Each structure stands twice: as C-alpha cells, then as structure tokens.
Amino acid sequence: MTHPAPDQVPVLALEGVSKSFGAVRALRGVSLQLFAGEAHALAGENGAGKSTLIKALAGVHRPDEGTVLLDGEPVVFHGPADARDAGVAVIYQEPTLFPDLSVAENIFMGRQPRRSLGRVDHRSVRAAAAELFRRLGVDLDPDQPARGLSIADQQLVEIAKALSFDARVLIMDEPTAALTGSEVARLFGVVRSLREEGAAVLFISHRLEEVFALCQRVTTLRDGAWIASEPVEGLGEDDLIRRMVGRDLDELYPKLPAEVGAVALSVRRLTREGVFTDVSFEVRSGEIVGLAGLVGAGRSEVARAVFGVDRWDGGEVQVGGKPLKPGAPSLAMAAGLALVPEDRRAQGLVMGMSIERNINLTGLRATSRAGVMNRGGERSRAVDWAVRLQVKYARLADLVGTLSGGNQQKVVLAKWLATSPSVLIVDEPTRGIDVGTKAEVHRLLSQLAGEGVAVLMISSDLPEILGMADRVLVMHEGRIAAEIPRAEATEQSVMAAATGVTGRAA
Amino acid sequence: MTTTAEPVRVAVPPSGGLLDRVLKMRELAILAVLVLMLAATQIDNSAFLSQQGIKDLLLNATILVLVAVGEAMVVITRNVDLSVGSVLGITAFAAGDFLQGGGNPLLAVVLAVALGAAFGALNGLLVSIGQVPALVVTLGTLYIIRGVDSIWVGSREITASVLPSGFVDFGHNGLSALPYLAVLAAVVLVAVAYFLRNYRSGREFYALGSSPEAAGLAGVPVRKRILAAYIACGALAGLAGALYLARFGNVDSGTGSGYELTVVSAVVVGGVAFTGGSGSVYGVALGALLLTSINSVLPSIGVSSVWVQAIDGILLLLAIAVDRVLALRVTGVLRKRAAETRSARHG
Amino acid sequence: GGTTKNSTDKAASSAPAAAVGSSADPNASTKTGLTVAFLPKQVNNPYFTISDNGGKTALTTLGESYKEVGTSSGTDTAGQVSYVNTLTQQKVSAIAVSAQDPAALCTALKQAMSNGIKVVTYDSDTDPGCRQLFISQASSEALGRSEVDLLGKQLNYTGDIAILSAAQTATNQNTWIGYMKDELKKPQFAKMKLVKVAYGNDDAQTSFQQTQGLLQQYPNLKGIISPTTVGIKAAAQYLSGSKYKGAVQLTGLGTPNDMRAYVKNGTVQGFELWDPAKLGSLAAYAATALASGQITGAQGQTFKAGSLGTFTVGAQGVVVLGEPTVFTKSNIDQFNF
Amino acid sequence: MADTDIGTGTDSATPFTARPRSFRIGDAVRWDTVVGALLLVLLVCSFSFVDNFGNALNLSFLIGNTLPIALIALPMTLLVVSGEIDLSVGSTAGLSGAVMGALWNAGYPIETIIPICLLLGVVCGLVNGLLVTRLGLPSLAVTIGTLAAYRGIAQIVLGANSVTDFPQQYLDFGSGRIAGTFIPYAAIPWAVLLLVAAVVLHATPVGRSLFAVGASEEAARFSGVRVKRLKLSMFVATGFISSLTGVFWVLHYASARYDNATGLELSVVAAVLLGGIDFDGGKGTLGGAVAGVFLLGALQNVMSLVNVSAQSQIVVTGVLLVISVLGPRVARQLSVAHARRRTLTASAPVPVATPAGHT
C-alpha cells in the first residue's frame, strides 16, 4: 500500500486492528491512514465493518488487537471524550441526539461557551448554532427540541455538531444517506473548505458517485478484512464495486416492464393540518410510483397517514376500492397495505428483540394456530425471508440491534415482504444499503411489481427514482407539485418541481 | 434551498426560546391550581391564611420540597431513588441521637447530611457501576436501610424533651410568617435550579436522562453524573431528616416509612418525566407545596378526614391531567411552527 | 335468595371460648418451663415494648420463658395472622396478643386454641370467641369518662372541644370515644361542645396536620382530647410551637417520657395512662394461669398475679387492670416509661 | 459506558460463541433462572433443616399467605412487560373488599355481591387504563393517584366498620384446604390463572405483541400492533384480578376493612422485580415472577420459624433484591469476556445465513 507523500505522517491511523462481537469478527487486521488535507473514502458492503472501524477510531470500541496511531504515536482512546479531545470529530451512522434538549444544546453539549464562574452562556450557544446552520444553509430553529425532527433534520444537526469542533480529523459515517442533492452539495462545499484548511476527512457512503465527487483516496473492506487502499482517480465505479462485492455487479436498476392493472391504492384530497395538504394520487397494481421531493416536503407524513400511523384531518384513502378507516394500521395491513418506514431504528424495528421476533411481528396470526404460536412456523418464516434477502447474521436469536445498518434495513424489508402485501409503500428503502444489496432490493421491487403488487417508493435518491419509477410524483411544501411520467422524468424536471420552480402540473 | 440571510431570522425567534416558554407554562399550570385552591379555602375559612396558617403551610412543605428536589435530580437522569424515606428516617434518628448526647445542633445537621450523602453514594455506585435497574436497587436499599434503622433504633425514640430547645425552636420559629426552615429550603431550591440550568454538568444531567446512549457518545461522564445525582439526593434527604427532627421533635424507627410515594407524587405532579431529561425543580417544589397544602386545606375547610384520601388522589390525577393537556397544546404549537418554517423556506 | 347477612346471623355466636373449656382447678400448681409469646400490635412501639417487658419480668420470676414477635407496621393484619400461624407451628404454651383487628385474627387464633395453645388478648381485644381472656388496661368506660372530666376541669367546663383519635377502625379508640360522648351529655358539661372527631392514623405527621386543621377550622376551640400516645404527642408538639400554646388545652393518653417536655413548658396540664408494664405482666400471669389449668377463662374464676394482687375474670372473659394514673407537673417526674 | 457496545448488553442478549458449552453458561445465568435456582435451594434446605416447615399445616399457611401476592403478580407481570405499571392494585383489592362488606351489611346475598366486586375491579382497571392510553399519562403517576383515590373511596364506603360475619362455607373456602393435603382451595383457581397467563404471555400473538410494545411502542405501532387496546386490556385484567384478590383476602382473613391489603403493591412489585421483570418493559418471564413471589414468601415463612425478627427479615429481603440484579449482571460480563477470549483464538469466519447455519 503506497500513498502520495511518504514523508508525511498520518494524522490518525489504524494498524492491524481486529474487533469481534461474540463470534462475529467485524474487523480483522485492518490498517488505515488519514492524512491532513485529504478526503479518504471507506467503501464496503453492509456489514463489511465500516462503522465498527469508525467506532474503533472514535474510542467507542476498544480494538481487540492492533493500535490506533495519533500523529504516528500509539494512543488508547478510553472513550469518545478522549478521541474528541484529540481533535477527532465523528458523525455516526445513526443520529444520536437528545430528544428533550434544544437543537443548539445538542450541538454544544459538554462544550458550551461559558461566562464568569463557569456558567453556560446560553445566548452565545444559540448564536453559534444559528451560525453553523447558516454555514450549512439549513433553517432549523436552535431552540426547537430535537424530538420530532425528521431523520434528515437529525442528520443535519449531527453534521453541524461535527463541524462545530473545527476538528483535525472529521469522520462521517453515511452522513448523506438521508439528504437530498442540494443539501449534499452544501455539505460537500463545507467539507472541501475544511479539507483545504488542512483537516483529514474520512467519508463513508453507499452512493459511489459521492465517493468519486469528494474523495482522493479510497479504502475497501470486505467481511471485515482490508482489501485495498488506492487513489480515486483512475478508478472506475465497476473496479470499486468489484473490490467491495468480490464479483462483477449486474445492472443497478433492473426495471422490468410490468403490465399495469387496476387501481390498488387511491388517495383523495388527503390533508393533515400543518404537514401536508390536498394530496391526491393513485397507484395501480404492477406499477412502481416514485414519490420525490426535498427533505421535509412531507412525503413520509403522507405515507404514515395512508398507513394509519398518523390520523388525517380530511380526505380519503382506498385500497382495492374499499375505503380505509383512518388511524388504524392493523386494518390497513388487513387490507393488504405494507409500509417500510423511514426510520428503521425507531419505527422499523424493535431493537430490543431478536431478528426472528422482528420478522414475525407482522405475521403473528399467520404463525399461530388456534391462537397459540407455532414455533416451527415462526422459525421457518423468519429463516425463509432472512435468507431470501441475504441478511448477514450469526443467529436468528441475536438482537436485531447488533446487525449492521444495511442488514437492519433488510430485516425491515423481510418483515413486510413476508406479509405478501398488495400495496407496498417503501420510505427510503435503500437508505444506507450497499450497491450490491441496493440492486437486489430494486430487483425485488420490480419483481413484486411484476407479480402485480402496487409499489409506492419514497426516495431522496433521485437516480433511484428515475431508474425504478413508472411515474414520479413530486411533493413540495406538503403538496403534490407535479406528476411526471417515466418518459419525461429527468433530474431537471423533478428538481424543478421539488423546489417549486415550475408551477404545479397535473 | 434557502438564501443565507433567511435562516437567521427564523433561527432566533423574536419571541424568545420556545422551550423556556413551555417549561414556564408547565409550572404555571401547577401554580394556578395551587393558587385557586388556597384562594377558595381562604374564602371559605378566613382563618386559613392567617400568619399562623401561612407559616404552617410553608413548614409542612419544607421537608417534602427538599426531598423531592433531590429526587428530581435523580429522575432527570432517568433513574429513581425509592430509598429516600428510609434515609430520611435513619438520618433523623442519627441527628437526634447525637443531640441527645448533648451534641452541637449545627454538627447534628452536618452529620445527617453526610450520612444521607453516604447512602446516596451507595445507591449511586450500585446503579452506575453495577449498571442495574435503579428501581430494583433502590427498592432493595429502601428495605435494607429501613431494616438497619429499626434494628439499630429498636423501640428507642427521640422526644422533644431531650433536644436542645434552640434546635426545636428553630424548627417552628421564623421571621413573622416566614419560617427559618422554609427559607433554608428556598435557598437550596434556588441553588439546585441555578446549577441545573447554568452549568455544563447540570445540563449533562438532562442530556444523559434524555438519551444515555447519545450522552456516552458525546463524552458525558455518565457514571460520575449519576453518582453525583444520587449523592445530592441522599444529602438532601439527610438534610430533610435533620429538619424533620427539628420540626416534629419526635423520631422513632418508623419515621419516614412510605414517604417515597409522596415524594414520587410530588416529582410527577411537578412535571418531571420519569423517562428522564425533562422538567424543572421549581415545578417539583410547586408540586410538593400543592400536595402538602391539600392536606392542610381539607381539614381546615372541615372536610371529614374520611374523605381526605380520596380527594387527595383525585386532585393528584387532576393536576397531572391538566399538565398533560397543556403539554399536548404545546406539541400542537410545535407542529404549526414546523409547518410555518417549511413554508418560510423557498421564498 | 342466596346467603344474606340475616340468614347467617343466627349462626353467629360470641360466647367466650372458655365457656366450652374443660373445668378449672384453682389449686393446680403453676407449671414452669412454659413458653408465653407476646404478639403486640407493633414491635418497636415504645408503649408495647414497655408492657411486653413487664410481661417478661413476670414470666422470668415465674420461671417461664418469654418471647416477643410481631410486625413492624401497626396495620399489617396479614403479617400478624402469619405470626399467629408461626407460633402455632412452634407449639408455644400461650399467646398474649394485642389484636390489630378484632376479626381478622379469629381463624388463626381458633386454630391455635384447637392445637391446645392458650390465647390472651391485651390492650386491644378480638371477638370474645377467639380468645380465653382479655386483659383490659382499664374499663373502657372509666377511661372514656375520666378523660372528659380531666379536660372539663382544665377549661372549667366551658368551650368547644375536639377529639384527635388514631385510625378510624381502632376498636378501643371507638369504644372510648363512645363513652366520652355519653359523659358529655351530663349536665356539668352542658357548656362544653364536641365539635369534631379527627383521625391522625397514629402517624405523627398526619396527627400534626389534623391538629392544625382543627385549630384553623374552629378558631375558638378550647380543648383537645387525644386518646392515643402518638396523637397526643404530635398535638402537643404542634401546640408548643404555635400561638395556641397554653391557650388550647390538651389531654388524653400519653406516656410520661413522651409528654414530660410539654407538661413542663406548660403546653399540657395533665393527661393519663395506666402503667403499660403492669398490663403486660398481668397478661403474663393470666396466660400462665390458663396454661397451668388454674383457670379456663370462665366468669368468676380468680387468679393471683404476683405483686399486682388477685384478679377476677369478669363477663365475657374480661380482666380489668384498674384505674388509670393521672400525670401532672407535680407527679410526672416520679414515672419513667 | 465508554466500552459498552451500543445495542447490546441487554438482559435477553446471549453472547454467541463458536463452542456451545460457553454460551450455555451465558444462557443459564439469566436473572429468572437464578431466582428459580435460589427458590429451589431454599426449599430443599428448609425441608431438611427447619423443623415445622415441612408439615402440611405450615405449607398451607405459606401458600395461603402468599396467594394474594401470587395472584396479582400474574397480570402485573404482563402489564410490566408491556412497559406500564399499576400501583393501585392494593387499593383496588381494598376497595372491592370494602364494597363487599358494605353490601353484605346492606343485606345483599353474597352470590350477587362477589360478581359486583369483580365488576368493580374491572372498572378500576378501566379507569387506570383509559387515563394512561387515552390521555397518554404516565402509568406510574396515574396509579399513584388512584392508589390514594381507591383507598379513599373504600374508606368512604365502609368507614370505621369491619365486617366479619360472612357465611361459614365461604370463609372455609378462603381459609380451608383440600382434605388430606396442604393445598388451600384457593390455590386451584390460582393454578388455572397461572396456566392461562403463562400461555398468553409466552405462546400467543398477544404475548408477542406485549413484548414488542414494551421494547418499542412506536415500532410496534408501525407493525400494526393495536398498542392502546392491548395496554387497556392489561390494565383491566390487573384490576379484575386485584378485586378477585380483595374478595379472597376478605374471606381468608374473615374481615372486610377499608385498609385491607394496604401496601400490597410494594410486595407485588418487589416480587415481580425479584423475578427479573424489567420495568423498562419488553423483558421477563412469568416463571421468573412466580419464582420471585414464592422465594419471598417462603423466605419470610422460614425466617419467622427460626425466630428472625421482622426487622432483620426486611434487611434480608432488601439484600436479596440487590443480589438478584447484581449477580446475573456480573456473571454475564464474566461469560462474555470469557467468550471474547475464546473467539480471538478461534478463526471461524463470520457465519453467513444458510438454513443449515442454525439448526
């Protein structure tokens, strides 16, 4: 492994680091070097060990073997605090905020600017937070409590937090997973300027185009083992994918033409005070409808209302011609509706339960006979779907929380596909999922469509929308701004509608 | 997206921090209930808010306020201390025993506080180092301390006669209607509130109560803070024990048993959520004042003590219900604001 | 139809268990090596500790063995029952019990008696059918009336008065209060009016606040009777620290040690109590006599109680200790309990 | 905190290792199993060393006095698993007892009184449940309130009276035992209820949902679990059993008073906690709870038999509670560390899911 300036000492480095959880060997003898003024990408499939590596760097996990080097000197981080004090700022894959505290306090917890007698200076805390948001170009109220923020907004707060350190090393674990193009552009702008000021950056994303856009070097992991570290230029997407997956990858958006059938889901004039207004659309069986829009446009809100998790104030939802009772997910399920929610940790999975229990939570009736659970049935149902979606796990009895982000997402998909729904709503289905799996998920979706399932796909990943959707609905400020058929759907047309530039079509 | 100018306007709302407004509102709710109740009583019985009457109200609240404030600190960190009643009992007797031997009153108070802090440390260590559910551990120490107390005390009791008269007078005298004990409690209350609001460590109490996991990642010294909260709680229970002795001049092995429920009610009524991370000690103090006032109000408007308990409970339910309704209103405001913010975007 | 109160009342009988006992032999020698267990309402309660120790001394002089068990809460009836059960298991010779509840103990006590264990109640009785003897501290009547007289003297028979009792369910409290009300009907108390009976549940803090309440609700209240040691103590403590000190008279049942301070600082003029130690030792003697077969608990039987003299079993197996002592500034220092 | 691996370290997590032996240790040191073992040890020791323990009379005493707690512990376990708690159980029992007494004095036939009392229990549970699920109030706060309210109402209903003259055959049911055995009659309905509760919690959709709701209410809601209805029904069940207990209490102690079963809630909570039911919800087994109940019951019985004073008994109870949580915790950390060390040497690759992978 060679790097451009041999004389230069890496700001932060790992040498031969191994980390195991029970029998799961998340990292085996991995080495990595971060240099000042360089943006370094970390690539790998779900469960490859990226987040674990980061947690090792950040002092969350103590490596079983190997050493962490700071300016070439071996160090032991006894906790996140140590790493922080050493100038290492980390954005973790899953936002970890204090729901009860204001956004501003979330950013500066433990580092608040102080007045005389060590008292916290609340005014300057608020001002500093506002300034950070201005830099990132987001308009969050520093006094707003973190509870109730959308995943995207949470992620933005995390980013602001990391930036507030003006650290020597900035580590970002899938910071863009929840963000839309414009915000990503903003973020990259800020990161580049930091890099030019001499900060070392470690960046993880499953969106390879982002890797190529931001980074100079890339390190690839597979099954916890180091595969390669190399400069980005002269490297093609396919090469990178090959390193990650270990084989060539077939098409990323395998959209099969399915013949469109009767209307399966129809939403009429749906309105929820202050969240979305007068939303009407239809999804036909065999059709994949994309729902695009900027963060906070209210897409998830619509999905939640349709599925009955949130009540709606006006309008009507019909599944297979029959109207749905508002606010009753169980009835919606019975009617053949399924929702893969946006926030897998809070909404998609019961973190404290095993993989098996999570998958079967949607099939309690199916796996019970005469009101008594049938263990065999439960296990086979879980195994069946876990294997079909190639979830990487040790035992079905393990806590789902111990799975890697992407594998968690697969479990959510498994639990809903297992209900063989007639209408499937997926909110950010491939958020934080690696290219390989992404392709599988897409194949799965179009396969389902082929079997006559009506699919509504909410996504902030525009290529995904364009690649998969038969029709694209675009939301803007809680309203449907446009409906664009596949033929006319382009980056420009969709973004125009999403930002409210074009008047509302359709 | 937004122009760079816009967010600043949104970010620092002219109306000041919404959070604070919410908190204030919650305390206002309890305050309103309290004032209403006292006013009604005064109208019914003009003797109620006589100098003696006010003095009694404040005196009755003092001890509960102290313990509840301590409990609140623990609850804010998403833990709980059920052993406060037992701690109060044993520290009260320890102080009495010391005074009985002709000890100095000031030393006696210090002794009680120190002893309480020690028990707090015990709880804190078990919870933070052992990382075991606070509810179980402190229920355990509730029994242990109570048992040790009654073994040690046996059938002995401290009566006013063996206490230095100065100490006993301190228990019920004061500046006109303002008893010394109440002043002491008020000082403690303000100090704790100021600490929680204006010091990093204070804010960290809220942080780790709000999300222990996030606190760990943010480098909050979780164990140290939890330990601190328990020590403070124990110390305050100890102080309360000493004051109990001064106030009632009478302590035996049963003193303070069952008190934990009253304390927990005060905390809950005061608007401190058991899920941690929210609430203020001022609210708790008001909650305590409310609860103790109920027990003075009912007898003095001639409600037969047969009815007292039922009314107690129903008022408690009423208080938390009112508080809840307000909280719901606030989330409504939040949502509206989110909507406004969104439409404020994009020109 | 169904089983109603009326349909079962006929069945109920409340004759003392002794009535169906074997015949007594007054001259039988006192057995030694017996075990008499004291089961007070509440262990660690100073009052009961005193009386139980009285029983202990009596038993040791007789050469019997003594033990005390009990619950640490005064209202834990279930706990008291399970202690009776345990004692039945341990096959003690006799149980001296102060009942937390007149009926709740019955099943257990009958079970004990049917296993040949003698049962004596003291201080607080059960249903007559559930024990052989009840050792009464003083005839309830005498107590009730004398306390009214006491207070009457203190406020020379004029003014509103209130009663601060213990728990609403306390049997002996309620009987006494009954006699107090009756006494107040007499002409000399015409100008004294009982305005309220408050309940402090034998809890210092509650009694404390109940006293406050009384004084606020009845601004011209002149006197309080508190026929419970806890209640009178709390009331005295409040009065002594308030503007009512000396203005409002307080009397009732209390122990000299508890009340000494308040008698001396003028909060309380006088109160009364029997000697709990004597109560305990009488219970011990009675239990021994029963266990030795000298008596069965039938009315009219007599037994010796050491220095206390000879006692006669009254109606329904009740044995009365005697008149209570009145404690005042002048004599209080002669007593230490 | 520093080195705790986020997402693990919970009670139901069992460290996986390549070798079956060492993770069986991990499984075995679960809280509830520890308590069960303790109970077994205690019983064996008592039978062999404590005289008067083994005989039928004492055993019937033991069971009879533990039954009230054992009864309420059943629904309480389910409720706590779903993440809620009911502190008003003692008062509910007291109230139904008081009403029983009042109606009896009023001359109603017992055959109608008892159903009325049970209905009352259902209402009490309903009130708790509605306040919690509809108004979204914390159950701890609500039930502290109703703890006082119900007890107060009981006091209003029955006042100072204590009613004792219930029909003999009913009293016999309450305190008597099956001829020739040490088993109280009342133990039979309890056994039935135990069976029902066990099946519901561990082998039905309802049970599965309870665990899910307890562990993460939001995720459960997103999975179509009818959270509110579920919690409401649990509160109702708790109220019902509490009133049943109240009726049993009256018959067992032949006395209806407003202060019957005072403080029972704390004993129940202590027992359930001891049985390893996590009050954050989502964890625990009914077996553990029952073991906890009888461990405390038997311990008290034995200690009284060997003349341990009430005060010392309190201490022992407390120590037991603390040990029962600390013990497994320590053991688990040891066995995890143990497992870590092994797997470092073992070079088994990450097992990838295959149907064969875990059969």
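By written order: A, B, C and D. Residues from 1 in each chain.
Heads up, the rule we're going with is that contacts are C-beta pairs under 8 Å (C-beta built on N, C-alpha and C of every residue); 3 or more make two chains touch, one makes a residue touch a chain.
Here the structure is a predicted model, which is why all the values come from computation and not from measurement.
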Reaching chain C from chain A through chains that touch each other, fewest steps: 2
Given chain B and chain D, the chains that contact each of them: A, C
Greatest separation from chain C - chain, by CA centre: A
Of A-B and C-D, whichever chain pair has more C-beta contact pairs: A-B
For chain B paired with chain C, centre-to-centre distance based on mean C-alpha positions, whole Å: 39
Centroid distance [mean C-alpha coordinates] between chain D and chain C, Å: 38
Two or more partner chains touched - positions in chain A: 60, 79-80
Shared interface positions of chain D, touching two or more other chains: 1-2, 6, 155, 159, 263, 309-311, 314
Chain B, residues touching no fewer than two other chains: 150, 213, 215-217, 253, 306
Contact pairs between chains, per stated definition: A-B, A-D, B-C, B-D, C-D
Residues of chain D that touch chain B when the two form their complex: 1-2, 4, 6, 87, 131, 135-138, 140-142, 144-153, 155-156, 159, 263, 266, 269-270, 273-274, 278-280, 309-322, 324-326, 329
Touch list for chain A against partner chain B, complex: 60, 79-81, 84, 90, 92, 96-102, 105, 109-110, 112, 114, 118-120, 122, 126-127, 129-130, 133-134, 137-145, 148, 182-183, 186, 273-275, 294, 296, 298, 476-478, 499-500
Chain D residues touching chain C - in the complex, by the definition given at the top: 52, 55, 57-58, 61, 65, 68, 104-105, 107-112, 155, 159-162, 164-171, 175, 249, 253-255, 257-263, 300-301, 304-305, 307, 309-311, 314
Complex interface listing, chain C residues touching chain D: 1-9, 11-12, 43-44, 67, 69-73, 75-79, 81-83, 85-86, 88-90, 101-104, 106-107, 127, 167-169, 174
Contacting residues of chain B [partner chain D, same complex]: 126, 130-133, 135-137, 139-148, 150-151, 212-213, 215-217, 222-223, 253, 258, 261, 264-265, 268-269, 273-275, 306-314, 316-317, 320-321, 324-325, 328
